[in-house]
Amino acid sequence: MRLLTELLGTPTEADLGVKGTTYQSQLPELRLKEKKSRSSLLLSIQETSSIMGSVAESQRTLYPYVTGSSVVAIKYKDGILMAADMGGSYGSTLRYKSIERLKPIGKHSLLGASGEISDFQEILRYLDELILYDNMWDDGNSLGPKEVHNYLTRVMYNRRNKFNPLWNSLVLGGVKNGQKYLGMVNMIGINFEDNHVATGLGNHLARPILRDEWNENLTFEEGVKLLEKCMRVLLYRDRSAVNKIQISKITEEGATVYPPFSLKTYWEFSAFRNPAAGAAGSW
Amino acid sequence: MFRNQYDTDVTTWSPAGRLFQVEYAMEAVKQGSAAIGLRSKTHVVLACVNKANSDLSSHQKKIFKVDDHIGVAIAGLTADGRVLSRYMRSECINYSYTYESPLPVGRLVVQLADKAQVCTQRSWKRPYGVGLLVAGLDESGAHLYYNCPSGNYFEYQAFAIGSRSQAAKTYLERRFENFMGSSREDLIKDALIATRETLQGEKLTSSICTIAVVGVGEAFHILDQETVQQLIDAFEIVREEESPPAQPQPTAEPAAQASGADQAATTEQGDVAPMDI
Amino acid sequence: MTKQHANWSPYDNNGGSCVAIAGADYCVIAADTRMSTGYNILTREYSKISKLSIVHSALQMHDKCVMASSGFQADVKALQKNLSARHLIYQHQHNKQMSCPAMAQLLSNTLYYKRFFPYYSFNVLGGLDNEGKGCVFTYDAVGSYERVGYSSQGSGSTLIMPFLDNQLKSPSPLLLPAQDAVTPLSESEAVDLVKTVFASATERDIYTGDKLEIVILNASGIRREYLELRKD
């Protein structure tokens, strides 16, 4: 039932003039519960004075604590390929080195996330619940990538409506009934589908490469090679990228997350060895 | 008038393990004019008999579109039927709002049944006095369900509810084995014939029946009257004046009619087996 | 940790331009398919034109009016979903599709309902009215609206609108009695004009480009055309 509180944000969202659904009758108390647990969980200014109380309660000045960097994903011949590194940055400190940011969701979907790691893990809990309830029907129907993406879109957008965003960019890929799906949604609810997507700095550094080199009939090997190329560029130029990378694929047969690996790099260029050469007065 | 001392509220059991109020609600379904449903692999057809309360009035609507992929036919208290189909519509809208895909038919049917079940367990409520034939299409194919006031629901290949539905059921039972492979047109034809069976000699015309279809590549819609009449004529479903109707219809019991039960006359007043649908 | 992020904003502008032109018996609605954020292009193929109905399998759509919207994509999407759902309810209750002027009023009300946390969306609604005449309704983000003969909204509107004013020579609003606002152009002339204005806007507006989607409504139904635009 908590799923629903996530979905029904502003009254306009769900209250489409259809009254008397089970949702509405149960909403208010759940909303309160949610608010309580939230405010104790989250940073922000707590009720410091009784006058400020109501203001502080609703204030959620958010910035991320531990963040993951780019996710890059493409469609290929048999499905979707996704790549992300395993770093978790605390500001500019590399705080965690083995964070998994690619997760299979249900039978048909794969989720990748950049941004606040704790929010991502919270989202995974929502999705676990969603998939569990879906499976409990046990009726042969199941949520495909399109449905999961749409659900996430509503969750992200409703949280932004409450000025309490989940600080992530999410990539959702999957295959169902021969239909490939690749979409994105960010912390304020912007969402779209494309043949290739990349979050964060990946949008600047990886997508130009993808626009040049991507095509619909990439084989698995070609796809992995292309993703490695993108991840290598990101590794060189994104300061928060780390050289421990996961690649994951999803096809009609299901999702596979491959064990982490490192990219071969070459740091012996003279500009790398002495970046200050020729810059007079620099140390 | 009281049948016994255990039927004054829904939550009181009889020593025989029956809930009389629930059974009375199921009785209301039998008093409504007939509704029929049948399905093939790809299509579901709903049909119903329209009976006007008086010569001066129009008949009530008994088939409702719930969404592009779901529709219902009802028998019993039409007012209850309207409330329930509004509930189903809003469930479908809410689902497609969050997932941008159609609500699986079976899930809606379970939600509907759960809603009916609640009314059998609350002293301050009354069971819905309406039976619903739910026709729908989803990723697992075409479906036909029957929802009962008791909260029970069943999936069918073909089914009929309402007054004199036994005649239609007999017809459907003879033919249902072929329905899976039937074409859309054959399904409609069988629906019309089954409808005619419930009329007991009265002539089948488009003005006293409604037909609706849902299927692959075809959103749920009610066929317009001209189309239905053309189909009746084309199939020559008009009953020839061969044998006279077996039994002249016993006239409607005047007083015993549950007020509001839609139109049709009460036929058999035999005892109902407990929890029989 | 010191604060590193600028104040979080619930809004973004994803750019894009929309145009609608009404004729005596047709209406042309067009928008580009680029979606941007800042200097980034997020995708080159995002349709800004909504059929105003819930479509799962292209079984049904509104064939009397469509809406083109630019601005903040998430708000636009929420607005479209809201209108589609409301339209579906209307159809259940009235057994017919909403007329274009009715939809226009609904859109206005829907926008105004969020007057103090607005949908950041800039819309034009185009279609055929009850007489089958082309109509265009143009809006601001909080719901004020007007029926006009042609209009443009979005990032390229400052480039497109004066061009349309010049080409379509609309009657002065000061005329009494008001003159009919529909354009004198034929359908194909209007489509050509739309192509021209978008090709021109794409030259100077960085948020307009990639592809042009044109929807044409007339007595015989609904039709769609595409035109490639500059991708830079």
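For clarity, chains are labelled A, B and C in written order, and residue numbers in each chain start from 1.
Note that in this section a contact is a pair of C-beta atoms (placed from the backbone, for glycine too) under 8 Å apart; a residue touches a chain by one contact, two chains touch by 3 or more.
This is a predicted model, so every value here is computed, not measured.
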If one overlooks chain B, the chains that stay joined by touching are one piece
Strictly by count of touching C-beta pairs, the top pair is A-C
The distance between the C-alpha centres of chain A and chain B, rounded to whole Å, is 47
Per the C-alpha centroid definition, the whole-Å distance linking chain B and chain C comes out as 44
Between chain A and chain C, the Cα-mean centres are separated in Å by 31
Chain C touches at least 2 other chains through residues 85, 89
Listed in rising order, chain A residues that touch 2 or more other chains are 16, 18
Contacts with two or more other chains occur in chain B at residues 89, 93, 97, 100-101
In the complex, the residues of chain B that touch chain C are 65, 68-69, 89, 93, 96-97, 100-102, 217-219
The answer for chain C against chain B in the complex is residues 54, 56-57, 59-60, 81, 85, 88-89, 92
Within the complex, chain C is touched by chain A residues 10, 12-13, 16-18, 61-65, 90-91, 153, 157, 160-161, 163, 165, 184, 188-194, 203-204
Within the complex, chain B is touched by chain A residues 7, 14, 16, 18, 20-21, 23, 137, 139-141, 143-144, 146-147, 150-151, 154, 177
Listed in rising order, the residues of chain B that touch chain A in the complex are 86-87, 89-91, 93-94, 97-101, 104, 106-107, 110, 138-140
